[in-house]
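For reference, chains read A, B, C and D in written order, and residue numbers begin at 1 within each chain.
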Amino acid sequence: MRLHGIVGALHPTLRLAEISYGRRKGSAVSIPMMNVITINVGGTLFQTSLATLNQVPDTLLSNESLLSQNFQPDKQIYFFDRDPQMFHYILNYYRTGELHLPPGACSSSIKKELHFWCIPETHVSECCWKVLYKVQNDMAVLAKLNQVFHDEVSDFCMSKKMAGQSRVRHAVWMFLEYPGSSLPAKLWEKFFFTLICTSTLVFMFETVKSFREVDPDIKTKCNITKILNGTVLFRGWKNELAFFTTRPFLFLSHIDLVLAVIFTIEFAVRFITCPRKCNFLRSLLNMIDLLFLLCKWPSYYMEGYACVLNSTNMLMYIVLKGLTFSRIFRLFRIGRSCQGFKVMLVALKSSSGELCLMVGSFICVTLMFAVLAFLSELREATFSNVLSAWWWAVVTMTTVGYGDIYPVSATGQVIASMCAVTGMVILTLPIAIIGTNFAEYYSVNRERELYGGKQTKCEMMMANEKKGALLTRNKIHHTKVTKF
Amino acid sequence: MRLHGIVGALHPTLRLAEISYGRRKGSAVSIPMMNVITINVGGTLFQTSLATLNQVPDTLLSNESLLSQNFQPDKQIYFFDRDPQMFHYILNYYRTGELHLPPGACSSSIKKELHFWCIPETHVSECCWKVLYKVQNDMAVLAKLNQVFHDEVSDFCMSKKMAGQSRVRHAVWMFLEYPGSSLPAKLWEKFFFTLICTSTLVFMFETVKSFREVDPDIKTKCNITKILNGTVLFRGWKNELAFFTTRPFLFLSHIDLVLAVIFTIEFAVRFITCPRKCNFLRSLLNMIDLLFLLCKWPSYYMEGYACVLNSTNMLMYIVLKGLTFSRIFRLFRIGRSCQGFKVMLVALKSSSGELCLMVGSFICVTLMFAVLAFLSELREATFSNVLSAWWWAVVTMTTVGYGDIYPVSATGQVIASMCAVTGMVILTLPIAIIGTNFAEYYSVNRERELYGGKQTKCEMMMANEKKGALLTRNKIHHTKVTKF
Amino acid sequence: MRLHGIVGALHPTLRLAEISYGRRKGSAVSIPMMNVITINVGGTLFQTSLATLNQVPDTLLSNESLLSQNFQPDKQIYFFDRDPQMFHYILNYYRTGELHLPPGACSSSIKKELHFWCIPETHVSECCWKVLYKVQNDMAVLAKLNQVFHDEVSDFCMSKKMAGQSRVRHAVWMFLEYPGSSLPAKLWEKFFFTLICTSTLVFMFETVKSFREVDPDIKTKCNITKILNGTVLFRGWKNELAFFTTRPFLFLSHIDLVLAVIFTIEFAVRFITCPRKCNFLRSLLNMIDLLFLLCKWPSYYMEGYACVLNSTNMLMYIVLKGLTFSRIFRLFRIGRSCQGFKVMLVALKSSSGELCLMVGSFICVTLMFAVLAFLSELREATFSNVLSAWWWAVVTMTTVGYGDIYPVSATGQVIASMCAVTGMVILTLPIAIIGTNFAEYYSVNRERELYGGKQTKCEMMMANEKKGALLTRNKIHHTKVTKF
Amino acid sequence: MRLHGIVGALHPTLRLAEISYGRRKGSAVSIPMMNVITINVGGTLFQTSLATLNQVPDTLLSNESLLSQNFQPDKQIYFFDRDPQMFHYILNYYRTGELHLPPGACSSSIKKELHFWCIPETHVSECCWKVLYKVQNDMAVLAKLNQVFHDEVSDFCMSKKMAGQSRVRHAVWMFLEYPGSSLPAKLWEKFFFTLICTSTLVFMFETVKSFREVDPDIKTKCNITKILNGTVLFRGWKNELAFFTTRPFLFLSHIDLVLAVIFTIEFAVRFITCPRKCNFLRSLLNMIDLLFLLCKWPSYYMEGYACVLNSTNMLMYIVLKGLTFSRIFRLFRIGRSCQGFKVMLVALKSSSGELCLMVGSFICVTLMFAVLAFLSELREATFSNVLSAWWWAVVTMTTVGYGDIYPVSATGQVIASMCAVTGMVILTLPIAIIGTNFAEYYSVNRERELYGGKQTKCEMMMANEKKGALLTRNKIHHTKVTKF
């Protein structure tokens, strides 16, 4: 075929002669006049021979009994009330044996047409899988996004139907949970976010030494030095104890306490008004809130009232105190008022395969370079062991390059160069795919916002409930064949 | 449906039998002959049944009275003078219940057709929102760019109509403001930009110690050591005072003075000749110029004439001196002669949502890693507090990696690795979207330059003014239906 | 032409007059009535003149004898049973002299049509090469991916046909080689991968000093200090010998031994059951496994039984011990159960040209900057020689920036800045192309998974074997011309 | 319009009533029967009213005299032998007043059609500028690439026509200049490239101290210490003189000499056989070669024969010696045998605007951050002056992060964070555009290779010379209108 094409390109006249010879021999006899048929698809006429239609067995066009049902004897044509544009591609399948699809068309409409003409999807030519795949992928993205924002839409709709006490409860829930539902809710969200930021700042400044003072109650609370000397646990924990023997300035503690009270009330109100308690507790953000509150109050109790911190409750106190660090994760509440952040999380979740691929190949390749660098730098003792070489490889491959460890031998430097360049390639490839995924989610979400917004969806739901007849509108029986 | 498709794929013959049975039963009776209709859309014939047209209520085709207006009794067809290609998709909506759109078509033409056939945009199938959205987005980009370059075009047009004194004033304005308007303007822009660069260089070399000498007038000006010892304000400001007790070489000061004079004159002339004084002062670049001049001259005055700098005017002098640093922002005047820079700014401004998302998630994630690293490195005291851990997290996540702080424990190193890799992902995703936005603005701007350039636009504006009749050309009544 | 277009844009009336004059003069006489012809292509009518068809010689339409074969005297038209949509473009070629192609269409269908109409591919206009190229490229990607996964599909098919002893052997092979074939195979893969990770961890901890003890048998084994002092070879190998005079803790050695036994058995079973021994040994992963085992056991033997390690077998022991490091590459077995990793390798292999370009230009450019930086920093002696400057250039260009060497002179810093920025450009450009390649492989692979999966392919193979007649279905004679 | 659409979406029935009212009032009277016309464009029928055609004045269709020339009185239709698909869009322009273009179509074919229908390009709707622009851009890329590879193609063609002595000369030229012309040429290129690499390696090892020895002739050559002490020029040049008082090992010098001889001969032969001496000397690579040779030989002469190096010729010797470093640029000869490299250079050259934008904004933004960081770190004296702050800003923004300077104050660290993040954005945006440009050049080049290769082009040129008649084939008169 390839060779043939080249020959044809050079001497088309020769090939023409050959073809005309072949035709003269075969065509006049093999195709009788009665095989020629005309098909009217939605007003457009197509002409072909019955021989062509029989090239693909077990389809609507090659089944004579089905075909004859749509035959109009007066005009001697077959009539189908279908899309004539798609039929071009269907008929070309019979003519050439390859089922191509119109580029850029929607896969759902393609599927309906293929289904009507009884051609299985597996007959689609390899080069057109892309057409089938593309829109299917887009729809999957949209479905995932709809699922993420489902609660919001259903709550929004619910708010229009409720009355009495439940209406008040729902209004409070909408006010606290959905910043976009009203202006006061938006302002409250802004204020609450400021509180979270303050809480985070307080927490950070509590660790700064110039904001801490020696705790005067330290002796009455517990004989900490005794614990230190006596217990194996605390041996070597000098830096940690610098924090336990001091306390932050009182105004920081007071702010902290006020904020804890507000957070507790807000959490309680949200829980009480929530229409779906189950989902509420399953949400990661709420679990973090709960964990924070469950740790905060006992640690306050122990700080304030427990006079003697012995080695048993000391450990518990440390654990509780440590877990209050979970408040840092509350910053991700930003995602509640920021769609982009939510979309990013959904996109990252749906790209988990690519992320695994990235992390997996990153670990393997760094480990490989670590071993190679360790071996090549053995004499210079740059790396004390393979683990430290691994740390170096990670720092090099991500191009962070702290400079705490670096190769000094020529071989080591060559390996380091390869490591850095390989890192750029290995990390860029999956990130490019994740980036494309995210871009797709992002743009589909913007389309969703524009054309399938909360208002539209809600109206659609309510309209459907009113007149059930409308629902059937989108389910028109599509295998109907008209006759006249 | 899905299952059905698979069954059909395996045994198409079985399904064919089932379909033919279903048809035999229903079709012959349910569709009477008189329901079949022919529609002529712009010369192309479409054939369908009235039953199909009634599938979507409340549209032009399902409204019998409207339909009958376009009926031609002699030919027994309905005629519409519309685009036949788009009508394929309209008719398929009636046939399949899903409204798909031609891929790649312009949304404005699609909207006109949908409006004509009385089909609301909300009926468009989810998979085709993309088609509607794409061009709308492009148009928004073009509109923003036109707005940015609007002043330039209108000034350009104005220059052709003016006469007398105002003509001279406008010519000076064009000369100073639009480097692209003439060759001398371009040369002046080049020269002026050199002056700004010189000013910047002078300013930089003024801070280099080898270009500074001890100020002989220091004692007559103020008893600085007295101020130092007496005032709380200056305690510890040793390095700052190294600058105040010395002065740059005289030739640098002289260049500086000459440049300040030129800049003042240029600014004054531009302000006087400007046709829109309001916009002039609202422009960021002009505000920077003004700030620079308002700070420069008083500080000169204080340097030269004020003999005694007491602690009050000393502070004022420092603030004024400090604000002259604003001259550095004048470098952005480069944007006036460089379209790409302007386009980049517009693209960044329109991507503010994505930038916020990037900065927001960056802050949250670095803070999270800072806390985790701080906790895991508590024993080694790598970080003095969470703030310093945050600085480390930022340096790691942006892969800058100065090496001033780095984790030493195994846990800390694992967290650092995660931090670096996460940083690549978190930062790349929004940047990819911003990059795509910028690329779009950039290419739309190039198209604008090519096909909708200054000359074309201006002519269009002038032509429209001359013969107002032409204006109506683009507003052809598009709901007109022809009858014959 | 360009100038003409502008003139036309300004004064279309003028141009119209000129055209109408030209037409009046020529057209009425030159085109006789009998030249006008009608062509029916698959039901769609096209009308043109014979003069137009003769514009491109040596093609089917300009060859009168071929054309007359398809002439229908009763209707006075030429009939061809081909795609009418593609014929639009074919006929436009005759009209305008440029052969454009429908955008987005499949190149294979285009080629068939061009072949039918006897138009060589080289006639395609330059602006439409892209259409031809695109799908051809996609098909090449798919072919490469099919080749990579060919063994898996054929083994999968084979497993359905085997019986008796060979069935058991094949089942074992499938169980060990294809984790996706069954649930137990998946579990085994997970378990085995854990073993490899354990082996890697053991190997890493063996190099950590706190996991090593002084070898008590060191003296009975060999008089190592004697060797050290006596042999030139070991002079200066102090760090290496720290490893040879100590041994890892016994529990690490024991785990290592058990794992080595399991790996040996697994390898043996896989080799015995493998249906293609040749391919098995040619596989890189298996070669690494074999190398590891061939080095592991002799080194055990030498450690355990050889009493005296003289300078001869000492060297051999070191080499063997070093080669057991090859176990690190076994981590790439991850690729067996992870399609993404395989696809990444295939994509990188097919992008070898771009990788070479990247590495080549990287080496040249770093070398150039190394020389420039070396010259500019000669006085400060920052770099001891060009080689060390090269190392610095690599570290700078990849933005790793360890900070072990950095320029201090102004010129050197300018060169370093240029080096860093150039590096970003030089490295990003080819990586962008590689990334695009990878994204294409990745998405084609996902399409392959969805529409051309293992099951489908296998069924296709088996179906084809059953009824050979079906095979011809896809080879419909496509140059047939219908007559009636 | 927008509001109208929403109203229509909510109550289509209302709007329908309004429309039908409007139509009843106007249509029956305003459009007389005789205005309706049928247009046959290449066999496809279009129907519209004369009123519609008159909506756009000064075009072919609105000009009655031109229209009537193509009128066929017997069938009462207008016939045009043009593309019917494009005419859909032309006619829609008359119907809706907006000229849209078929998406993805080639701009050259669009231009021809617009030209035929006498519609100026400026009438194209804004949303379709993209269609016009896209292919125009592709063609510009192809034209640039053809220009780059023009010499090669013309030389290739010339080699088929020459005879006698000039044939030999041309064969030598082809052998030396085009590695792709024959197998020996490829081998020679590989060998020659090895020589260049060797030369580079020799040059690098000459700077390594362990490859240098004290020059025994140093005293007889010149009294260097005297020069040192006596001349102001050399004060402080200690490190440079370490190179002048030693010499590389003799075997390195010998290799260097041999290579210099070979390079000289090769250059001479290439110059003699070159058919275009002018272009030869203008080529950058040849200029580097020439510079290298012109510096190498005099420096050999001065080393070998000049006994006394006084301060005058010492300086000259240093300059000459320094310029031999230009040999490093000879590595770019790799580009001669590597198309990808050439394409990268062309793409970078054509992206010079974007590169300037990147470098310009990079300089401005770094300078801004330098000043800000300098001010905020004034007290800590981290930066000695703004220049050093600039160096720091560059190192931070490119994320190299050597760690030689880093901010320590809180404000400084915040500015550094902003600097690093801004750097990622500012540098990524233009690089993304450059990357896209490069990708386009790269893929167009691959298409060029496949479909417009050397062989094809050459044959085309030769074929055109043989029969000049064929040349006109591609210039079919495209404004011809058929009549019958």
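A few notes on this one:
By definition in this document, contacts are C-beta pairs under 8 Å (C-beta built on N, C-alpha and C of every residue); 3 or more make two chains touch, one makes a residue touch a chain.
Owing to the predicted nature of the structure, the values given are computational and were not obtained by experimental measurement.
Graph distance from chain B to chain D, where chains that touch are one step apart, equals 1. Distance between Cα centroids is largest for the pairing of chain B with C. Between B-C and C-D, more contacting C-beta pairs join the chains of C-D. When the CA atoms of chain A are superposed on those of chain C, the rotation angle is 90 degrees to the nearest 5. Under half of the residue numbers at the interface between copies chain A and chain B are found on both sides, making the touching surfaces mostly different.
Rounded to a whole number, the gap between the C-alpha centres of chain C and chain D is 26 angstrom.
Between the CA-based centres of chain B and chain C the separation comes to 37 Å, rounded to the whole angstrom.
Those residues of chain B in touch with two or more other chains are numbered 44, 103-104, 121-122, 387, 399-403, 436. Residue ranges on chain D touching chain B, taken from their complex, read 4-5, 8-10, 12-13, 15-16, 19-20, 22-24, 27-28, 31, 33, 35-36, 38-39, 44-49, 51-52, 55-57, 88, 91-92, 94-98, 100, 103-104, 121-122, 124-130, 132-133, 353-354, 356-357, 360-361, 363-364, 367-368, 371, 374-375, 378-381, 384-387, 390, 396, 399-403, 406, 410, 413, 416-417, 420-421, 424-425, 428-430, 432-433, 436. Those residues of chain D lying in contact with chain A across their complex are 399-403. If you check the complex, the residues on chain B that touch chain D are 40, 42-44, 58-60, 63, 65-66, 69, 79, 81-85, 103-109, 111-112, 115, 118-122, 135, 138-139, 142, 200, 203-205, 207-209, 236-240, 243, 322, 325, 328-329, 331-332, 334, 338, 340-341, 344, 347-348, 355, 358-359, 362, 387, 391, 394-395, 398-404, 427, 431, 434-436, 438-439, 442-444, 446-448, 450-452, 456, 473-476, 478-484.
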